[in-house]
Amino acid sequence: MTTNSKDMRKTWEKIADYFRAHSIWMKWYCTGCGAIEMPPTMTSRFDMEQLGMGPMATPRQADVLLITGYLSAKTLRRVIYSYEQMQDPKYVVGFGSCTLNGGIYFDSYATMTRLDHYLPVDLYIAGCMPRPEAIMNAFDTLIKMIEKGEAKGWRHYQENHDWYRKNQLHSLKEVYVKDEFHE
Amino acid sequence: MNLMNFVYAFLLLLAAFVFQTTLTGINRKVVARLQRRRGPRFYQQFIDIFKALSKGSTTHGWVFDFGVVMALGGIMATAIFIPFGPLKAVPAMDNIFIIAYVLAVGMLGMAMSASGSGNPWASIGVSRALTNMLAYDIPFMMVVFGLIFAFDTSSLSGLAAIQREGGFLGWHVIRFPLGGIVAMISLQGMLGKKPFDSFIAPAEIASGPMVEYGGRHLGMLFLLHEFSTFIEVSLIVHLFFGGGATVAAFLVKYALIYTFLNIVSNVLPRFKIDQAVTFFYKVPLALAVVQTFLIIVVGMGVA
Amino acid sequence: MKNKSMFSPLKAWKYLVKEPVTIPKKMVFDEPREASDNYRGFHVNDWDKCVGCGTCGEICPTNAITMLPIEGLVESDGHKPERPAIDYGRCSFCALCVDICTSDSLAMSKEYIHISKDADTFYFLPDSKGIHQVEFDIAYNRDEVSELLDLNRYEIEEIPHEGRNQSFMELIKGYSKEMALAEASRCVECGVCTFTCPAHMNIPEYIRSVWQGDLKEGADWLYETNPLSNVCGRICTHKCETACVLGQRGEPVAIRWLKRYIVDNTPEGDFVEAATAKVSRQINGRVGIIGSGPAGLSCGYYLRTMGYEVDIYEEKELPGGVIRYGAPEYRLPEASVKADIDNIEKSGVKFITGTKVGRDISLEAMKNKYDAVFSASGYWIPKVLKIDNKDHPGIRFSPHFLAEARDFTRGMGPMPQFHEDVIVIGGGDVSFDVARTLNRFQRMKNGRANVRFIARKPEEHLAASREEVVEAKEEGVVYHLDRSPTAVLLDEKGTIYGVEVALCETVMDESGRAKTVCSEEKEIIYGTEVYMAVGNDPDFVYFPEAMLSRLKIDRNKIAVNQQGQVEGFPWLFAGGDIVRGPDIISAVADGHKAAVGIDEYLMSLK
Amino acid sequence: MNSMNKLVEELKGRFTLLEVLLPDQQQLIVDIDQMHLHALLSHLKATGFRQLSLLTAVDWIEENTFQLVYIVFNWDTGIHVLVRTKLPRDKAVFRTITGIYPGAQYYERDVHEFFGVAFEGNVMSFKPLFLELWDELPPMRKDFDPEAYSREKFPERPYVPQFVPKVEVVE
Amino acid sequence: MKEVKLFLGPQHPGMHGNYSAHMYVEGDMINKSYALPGMLHRGFEKLMERRHWMGNLALIPRICVIEPDPNEMVYAMSIEKLAGIEVPERAHWIRMIILELARLAANLMAIGGIGAPVGLYTSVYWGVADRDLVLDIFEKITGARVYHMYIVPGGVRKDLPEGIEEEILGLLDYIEARLPEFYDLVMRSPIFQTRTRDNILLPEEVVWELGVTGIGMRSAVNKEYDIRKVKPYARYDQVAFSLPYGPYSDAFTRVDFKYVEMAQSISIIRQSIEKMPKEGPVRARIATGSALRWRVPPGMVYSCVESARGEYGYLVVSDGREMPYRIAVRGSSYPQGLLGVEKYLPGHRIDDASLWMDTMGVCAPEIDR
């Protein structure tokens, strides 16, 4: 990340970051199989609401986009679309092997291999899929990062939009979904 | 009205906000318990609201923006009229009709703004919300009219004072149990709690009117929600539970009622919108008719 | 069924006063719950055990494992200087790598949390500690149920034990197709063997050819590095098998027998083609080779494939050297030797037999005739034990006897003469060849045998290979082990009647080395003829005096450089026993190396 | 087993079957030519094989054919019948069976998308289903290399490992 | 009223998984709808052709994340049939325990998860938390929570850990005690019944037309049509169990049947633990050599098992090499998920759309593959 604005943060930004860190709403989008460990994380056994996190129905309300595993090209278009709908500041967490280097689907014609080519990723979790404990710890790390103002992926996306868009177009041909339904 | 009044009103509004938001937080913990988990920090709701306000937001046209502001303004204006136990920011203005009227401005603003977002889910949500309102308002208003008819006053504090004369047994909920039930059910509807929350059902219409709100707009929506909850629960406390002779009594009653509704809400699924309407027109309306009949014709419980 | 009640949902309120099931925060963040004893967490790899074979990477369904060369690790027999690195951007935590690990070094620990914004940290080189260098308990490990290797060899067919000591029929019949496929399927293609094989044969590749049923391709692979596959498929010392990673936990792949399976079962035409197809060009260059043993043949063949004109000089009647006049027929049938040598001949190598360098043609003459000379004259002068009466004419020596025996079995000579009660002194493979050949001759001629075998060491310390020791005993050779000969005993007429031996004992000293100590106690072993097979020496008579003085010869070995070039004589190359020894495959390797060296040398001259 | 024998006899009597295989006791594979496939399926459906469990294809690229496999199931006897037929690979056109098994509609679309087999009479089957903006060979064909496609479209991560330790050489 | 286009999914909270239904809505009624699958398409069938028979073990469970074990089972069964391998007796019983635990976990998720489309989140929280206890057992047996890779061709990958039987029995007792609480919370609630009774019907003709299997089929055709009964695999013919069936399939019955099935699963596991041989081999080799070079004799075979959503099958084709030649997957919910959405989702209200998806058992990953 290019920002070294830690010292330049204004006081109000520090306060805002405190609130942002402790109230992270995730977008309810199960992109891949890692999503199966989200219900245990969200519900009683691990209860991520303890961290102030909760699911949100639409991208407009969400702060964090969880990429729970592989993304097919078809999903990737929708994910990018959703990400762009989200309000700044926003964060992306990549779950498991697939988001890092394609995982077990590295040779699949349908799935992407590295997420950070298309979206700025603030945090990766190892595992296939990561256990709820790992997910919870990742959220904890994310919280600390936001508090310190280190989770600046969204700004990176703004600043390097052309680069990202070029990659997106290379892999997807068209970023926005066009089918008979979206005319 | 002078400057002092404004400051006073502002402080009461602030108190209402702090109280209701804390209560929401505590309730989240209570509900969590029901769901066999620990739940968030009790001040989580504050963090959520301030976070939302700190975020950027996309506008969908001036109707969208203006609607939210208008709704928040309307609701806050309404909240000023609500007595805070014995405290009143605007004395002698706690008339139910005024409250209902000003409240409508807020609701209308909300509807306007949501429709302005242009999202079809939002439109469906709005139309459901309005249908819902129609459904719960009729039985509720009927019972309230009964009360006004019986006691010849439409002042909230007035009605509350009348109840307190009879002590615990003087509460309207005891004296007019059917009306009490109708009011509680309607309140459930007003608050958008299950089973009457189909207008914000995430699983059906992706949270309906809220679908396009994010960041600051959503924050305002949260504020609005806290205030409207405060208004609606306070109405019931004043109308049926004897209001508050002291601030503490008012708050305790308020908290108990709110928590009760919440835990009821969380063990019930939601009605479809048509089923909700049918339900309101079947059960609460019938009860309301009977209650009003008893009040007006038989005079039961009035004296 | 009117099974409904407004109040039944309210029963859930009882949980308002019950303890939640949520796992306490402490068990999530501070000390995360311990995973189960079987958990497939992050990898751990015991570097002391790991041999770097890379089988884990082969099985990995996600291509997550790459073998990284590690600086400071040294390649050795059965060990590659590599260790697996795992890409957690690929890994699916299936643990197939653990199940197939040949050396039992890879396992999975109970560690399961790694979070980072730096993607590079997900590329991980496991050692015995975890990804964060914190020790976690080992969880998932292979057991015999989850084993993915086939640890036991498939038996090769042999001729029946009864009666086999009465003929020179080949002992091993070879693999059937089914068995060869089964054996070949055990290979994990790690290629560790290739390093150990002196000739660096393409072992995994030709085993793969067997497994895929493409024997022609297998023969092609064989001829890449070894023109004597028929021979080596039968009597190679198979060091590769001691390196084989399957030997870490089970029995190594029968590499030698699989090679033999290829040569035995490839259709003859394909086999000849595999040998000759490589000769594609013609170069203006001539090389003379002294000795047609394995080194000479190998050198000649590879020079031929490079396009050189090659003449091989052989003292004896037939080319082949030790493979023609050394190994006994029951191990290495004449047909196999002939097949290999014929193929080499078909590739265009010329044999000049019955011509001894130094006697019929001088080295000087060769130097003038050829651009380069390769000498692989071998060890043909027998060593003599320094015991009493060592020069008695009744004592016979292995090279001569074995050559006679071979001549007889190929029908080119009479059966050698021998007595009824014979004594063989030795301990290495050759002495067993002598003993077993004698044993067969005696039984063929007399119907009974009396071969007494004397060696200084006990059975387990003999230099010969295990199978020789076992088989010779089965065939009826009588062992007198732990005995050191001190004298050949002669009667009044001067004929031999026995050998006097001292009783010895072999013990391990502190450093773990075996040490043989002989006592004064003596014993007589009776027999009328003595065969000595205690090693051979080279014959350097063909070197002119002037040259010999300039050669560096240490313990009968000529000093050469990496490519077999004799120091001080750039046109002269040497290989085989006179340079390195001690076995055929090393000689083949020397020949190949020298061929490459000669080519480079001659090219550099142009 | 008895009902299986009866079934085999019956089918053999009514249709010219190219091959009949019995992989297990409750499974029957019959090969039939394209012409008679519909008649066979209709017959099977009428005799209790009411469910189409699966319709798929196999690409026998060396023979230059596609093999269509129709798996029908009789819930009462527990017998699966695999009806197979071959199509030339370069003229992969067949007729729909949606008239017999309406449930085949999406299976045919599936096969069309992944193998490029066209089903006449099933208009919907020509639309893309799982893939979006696909412009390559149908991916399940054997001559399509997914890894090469993936490499080209979705670049791999070039790791910069900084961890390779040096082992101290013990003399 | 004007017709509007709406899409349910892929990121709609009412949709389980990454799946989408495009709906043309007038008022609250759905006039026309199409399923939009493929967001989870990974090309499994292609990838399986590129990996060793054993390497595919890592791939197959990932086809259906909700209930991965039937995948492993059908794959193993296919190879065993092709290679003609006898599975050791004990392995059969262990497999049954695993499959039924998986069914239990899937059903717990389902009966809890039914709360999501109707807004009763408490049951979701409960259901998932209780399912997690099953996952704990799985972790102990197989070494992973979700993707077990435990049922392998030839048997199972490892023997059961010591003392796990008691833990399983303890868990079963717990779940058995919890089921009535779920029933009280969800099924006996009048509001839930109002929403689900006589709603989202699945008539018998539709079952046959689409090819729906599993609970949907049994509740509609009034027969005990279950692969476990019709063509028993493992040792299902040696345990006593009976499955619910009926002639009238509405949303309520289908959920109700899941409770009965769970009770049956519990009973099957108990019987298995009792009847299984206490020791013995648990795995047979499928071929000679190392796993890199296992070959399966050429042939074609279809195997199926009963998953929590119906008939789950693989068509496996081998050409005798070390990798499969072709594997085709029949996802149980393929018929209702695609053709069903197109033909029978219209006519329902949008309120019911996600309930439709849920009670029909539409599982996106197994459709997309």
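The letters A, B, C, D and E name the chains in turn, as written, and every chain counts its residues from 1.
Methods note: a contact is a pair of C-beta atoms (placed from the backbone, for glycine too) under 8 Å apart; a residue touches a chain by one contact, two chains touch by 3 or more.
From a predicted model like this one, the values you see are computed outputs, not experimental measurements.
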| item | value |
| --- | --- |
| Number of hops, chain A to chain C, where each hop joins two touching chains | 1 |
| Minimum number of chain-to-chain contact steps, chain B to chain D | 2 |
| Central chain (by mean CA position) | E |
| From chain A, the most remote chain by mean C-alpha position | C |
| Pair sharing more residue contacts (C-beta pairs) when A-D is set against A-B | A-B |
| Centroid comparison with chain B (C-alpha atoms), farthest chain | C |
| Centre distance in Å when chain D and chain E are each reduced to the mean of their C-alpha atoms | 22 |
| Whole-Å gap separating chain A and chain E, where each centre is the average of the chain's CA atoms | 29 |
| Centroid distance [mean C-alpha coordinates] between chain D and chain C, Å | 49 |
| Distance between the centres, which are taken as Cα means, of chain E and chain B, whole angstrom | 44 |
| Multi-chain contact sites of chain B, meaning residues that touch two or more partners | 32, 34-38, 202, 206-207, 267-268 |
| Two or more partner chains touched - positions in chain E | 5, 12-13, 38, 41, 43, 46-47, 50, 58-59, 62, 122, 125-126, 129, 147, 185-186, 189, 368 |
| Residues within chain D bordering two or more other chains | 130-132, 139, 144, 146-147, 157, 159 |
| Which pairs of chains touch, using the document's own definition | A-B, A-C, A-D, A-E, B-C, B-E, C-D, C-E, D-E |
| In the complex with chain A, residue positions of chain E that touch it | 5, 7, 10-13, 16-18, 22, 34, 36, 38-43, 46-47, 50, 58-59, 62, 65-66, 109, 124-126, 128-129, 131-132, 135, 145-147, 365, 368 |
| Of chain E, residues touching chain B in the complex | 4-6, 12-14, 25, 28, 115-122, 125-126, 129, 185-186, 189, 191-192, 194-195, 349-354 |
| Interfacial residue positions of chain A with respect to chain B in the complex | 16, 19-20, 22-23, 25, 28, 43-45, 47, 49-50, 52, 57-63, 85-89 |
| List of chain A residues in touch with chain D within their complex | 73-74, 77, 100-102, 106-114, 117, 170-174, 177, 179 |
| Complex contacts: residues of chain C adjacent to chain D | 47, 68, 70-74, 85, 87, 89, 119-120, 123-125, 127 |
